[in-house]
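Read from first to last, the chains carry the letters A, B, C and D; within each, the first residue is number 1.
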Amino acid sequence: MTVDLDKYAKPGKDHYIALGLEGSANKLGVGVIRHNLGQLSSNNRAQVLSNVRDTYITPPGEGFLPRDTARHHRNWVVRIIKRALIDAKIKGTDIDCICFTQGPGMGAPLQSVVIAARTLAQLWGDIPLVGVNHCIGHIEMGREITGADNPVVLYVSGGNTQVIAYSKQRYRIFGETLDIAIGNCLDRFARTLKIPNEPAPGYNIEQMAKKGKHLINLPYTVKGMDLSMSGILGYIDQLAKEMFGKQAKKVVDETTGEPITAEDLCFSLQEILFSMLVEITERALAHVNSNQVLIVGGVGSNERLQEMMKLMIQDRKNGQIYATDERFCIDNGIMIAHAGLLSYRTGQTNDIKDTVCTQRFRTDEVFIKWRDD
Amino acid sequence: MTDRLVSQIQNHLPNIPVQVVSQGAEALVFQTSVHPYIDKPYLKNQGKYIIKYRPSKPYRHPTIDASITKNRTIGEVKFMNKLTKLGINAPSVISADYNRGIIWMEFLGTELTNGDISSLKNWLWYLEKNESKEKCLNDQVQSVCRKVGKLIGKLHLNDMIHGDLTSSNIILEDFEPALIDFGLSSYSGLSEDKAVDLYVLERAILSTHSVFSDHYNQWLLEGYEEIHKEFSKQGGTKKYVETYRKLEDVRLRGRKRSMLG
Amino acid sequence: MGYAVKSFAQFPQFQVFIALFADVRSETLSTVKSELVGANKQYDYCFLNTNHLVSVEQLYSSIYRSISNFVNETMRAKTLNTEIIFNLAPINNIMDALKRFGVDESCNNVIVIKVINSHDVVDNTFDNEFTNLLSLLEVSESSSIELSDNILFSLVNIPKLKKLFKLNDANYSNDTSHLQAELTRLTIGAALLRGC
Amino acid sequence: MSSSTLIPTAEYSAPDLKETHKFDVGNGDHSTDGQTTQISDIVINAGGEDRDKPSEAKDTPLGHLRAKLTTLQDQVNVFLTERMKQDKSKNAQKEEEDIERRILDDGVDEDDSD
């Protein structure tokens, strides 16, 4: 039995339009999505009318501070919304609901964006507001774009590292990081190496890793279904400081005797982190007896991670890997619009007083009313 | 896929006939009728042995793969050997090849009348399918569940954590329970880790044996408490109270702590 | 009684000659020892004392692992004969293993092992090894006794064995008829974990 | 001055204030380049440049309102930051008196405090 998604359809309107606002980290994203009436399916796909994004970039060696990130979002949000509406060729009053990231994420940036959402909702005639869990946004957009109906989801970003599987109207967390997120780990190592943050530190680490040859020994810290990364970061940060700091300590690869380079460090860090991620994903697949993997979150655009996941899934009976390109896997507004519209179509909306954002918002706290498989 | 791995084990162990018993995320479990070096070993079952094989993972860098396979295999043999030394029912180790991720071990369990292996899961399923409610909750079932509780209690009293307790990882050898599959096992004295171990089993029994799971789980905990009382001199009762309190916390928040977004 | 020939399903390319000799004189044993140290080709056998061997299963487990390491080129010792001794030991020190399991002048029961390539075996190969050993060990045929669990259990020094393998704190069942089985399991387990 | 002049106002009351504090933007020349909402120094010192300045205020009623709002926001930020400093110093002062009491009653050893 599939869930009726049209119980709240407006009479005489054969589609829905939703505006999505994302700003939980350093990316400000605004997206406009359109659903036709009826079930979403391969011949009734959600349509992306616009998907605009502006990223707050900091100089090399610097992370993004909440205060400046919120300032970036505050001063750009109106211009980005205007562009999204123009691209989508719609007016504010065409919109059925305004969806915003309610959490998890950084407090101040979330706040900047939700103020914009509340203002528009009242400006365009009391349009309903829908609070969206950032991770659920990634999952639902990934499912819609790739067509994967019930994948195990690996959510890997600057702020999150979780292995998630759907069961009984919840997205359950099967395994997760016990300390820092993988994106955060890669970004902080990029800062240690003073790698540029343009377009993204993780992207630049990936390019360097491609040139890496020697693998250095790093601790492998998987604990059951969970993993921990702060120890690895501490270890490789220390090594990098010794090699490139005042000491300029020369480190040599045992087997070839050749000197270890920064590229080798990036290569080794990726190999150990991604091996751990693929292992806990495979463990969740075996546990729920699934053979579909969907990677979401900014780190999901890393080709080496996708390649390793593909190698793992090929070993499972007609295993299938799904990933989205940088338009969707990196934080964006369209995913918030899509997930928010699904909530709206099952009657889940937020009164203004319930639109307070929260930094801690666990994926399994959300009732997935639009699924009942 | 499994055939690629079966051929891999075949060339590691030539002339040893193997059948796949199960395939988890990390390892394959085979059954064979050939003992590696002696026909009449000092084991519960002769003529049936288990081979656990950790194949190399193509996605992992060869150096990482080799060291993980080796460490995990050594870790599991160490854990099983310690159980044997402590007299906690578990398969005895026959032989091991750490570099290739192979462990030969004792085959535990017998065939139930329906041909399934006598794991706690299969036995309870068999009763639930073919027997009356009284039979499913009779003294024998009660005593087996209590013995399972005592077995896990012994494990925890030695600060050992199984890590993947399910009703299929408990084998009955003429109604005496034994633990198997130590791929996720570890050592910890923390009552939190022991509570999570119990919680995972409780959830597994709830989902696999939902009809009478309340009774099973209750008897199991009674056995767990009983063994702790027997060791009250070594602080067993205090440990039980602490672990039980943590179990109530874990039940509330689920396995996962709340995480910063 | 004579000797036994053991083969392993996994390694048909080898056959293993095994014999147990009782009442070997200490002087002969010290000669054997010096010849071994001098790497005299004639003494190309693995010589073991029986103090720390509780069952045939324990012995076979080491021979099996040694041949496996030999085939996979992962031997820790230089020769197969020394590898067999090393794989019996619970501590990661070859010299100490030789002292505990190898030729011991104070132990007059000696187990002799030789691994032979199957394609080198002709019908009197093993008989020749046996007669060669009778002369090397300066014993008569009657001193060769059956390599059985009962005999090994009668010869083993259990307190020494428990001390070497650190098994004094292990959990034994109160039915002592299980002792040989339990010690077999524990010695094999300990040897497997040598150096781990 | 266009007919519909929009003047933003703000007021702040708190139990320890005798009377409500009223903010008055005054009629100086306002701009959207707020003093208290600049980018952090760390970013500039690390060689970053500020590409997130708010757009200039247009010469329209709403444009003027935005500029005045910026001034008002600065005034509010300055006022609140000052109050936080006062609270901090008041707490520090209370902390001071408390130590004397604790030494006399609880025998807190003065030396081990860092």
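The definition used in the following text is that a residue touches a chain if its C-beta (ideal position, glycine included) is under 8 Å from a C-beta of that chain, and two chains touch if they have at least 3 such contacts.
On a predicted model such as this, the values are computed, not experimentally measured, just so you know.
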Chains touching chain C and chain D alike, please list them.
none
Taking each chain's centre as the mean of its C-alpha atoms, which one ends up farthest from the centre of chain A?
C
Need the CA-centroid distance for the pair chain A / chain D, whole Å please.
34
Centroid distance [mean C-alpha coordinates] between chain C and chain A, Å:
62
Based on which chains are in contact, what kind of graph results: line, ring, star, complete or other?
line
If you go through all the chains, which pairs of them touch?
A-B, A-D, B-C
Can you list the residues on chain B that touch chain C in the complex?
13-16, 34, 36-38, 41-42, 74, 77-78, 80-81, 84-87, 92-100
List the residues on chain D that touch chain A in their complex, please.
37, 39-40, 42-43, 46-48, 52-55
Residue set of chain A touching chain D in the complex reads 56, 58-62, 65, 67-68, 71-72, 74-76, 79
Would you pull the chain A residues touching chain B in the complex into a rising list?
24, 103-105, 134, 159-160, 173, 176-177, 215, 217, 220, 223-224, 271-272, 275, 278-279, 282-283, 285-287, 307-309, 311-312, 314-317, 358-362, 364
Okay, in this complex, where on chain B does chain A touch?
1, 4, 23-26, 57-61, 63-64, 67-68, 163-164, 184, 186, 254, 256, 258-261
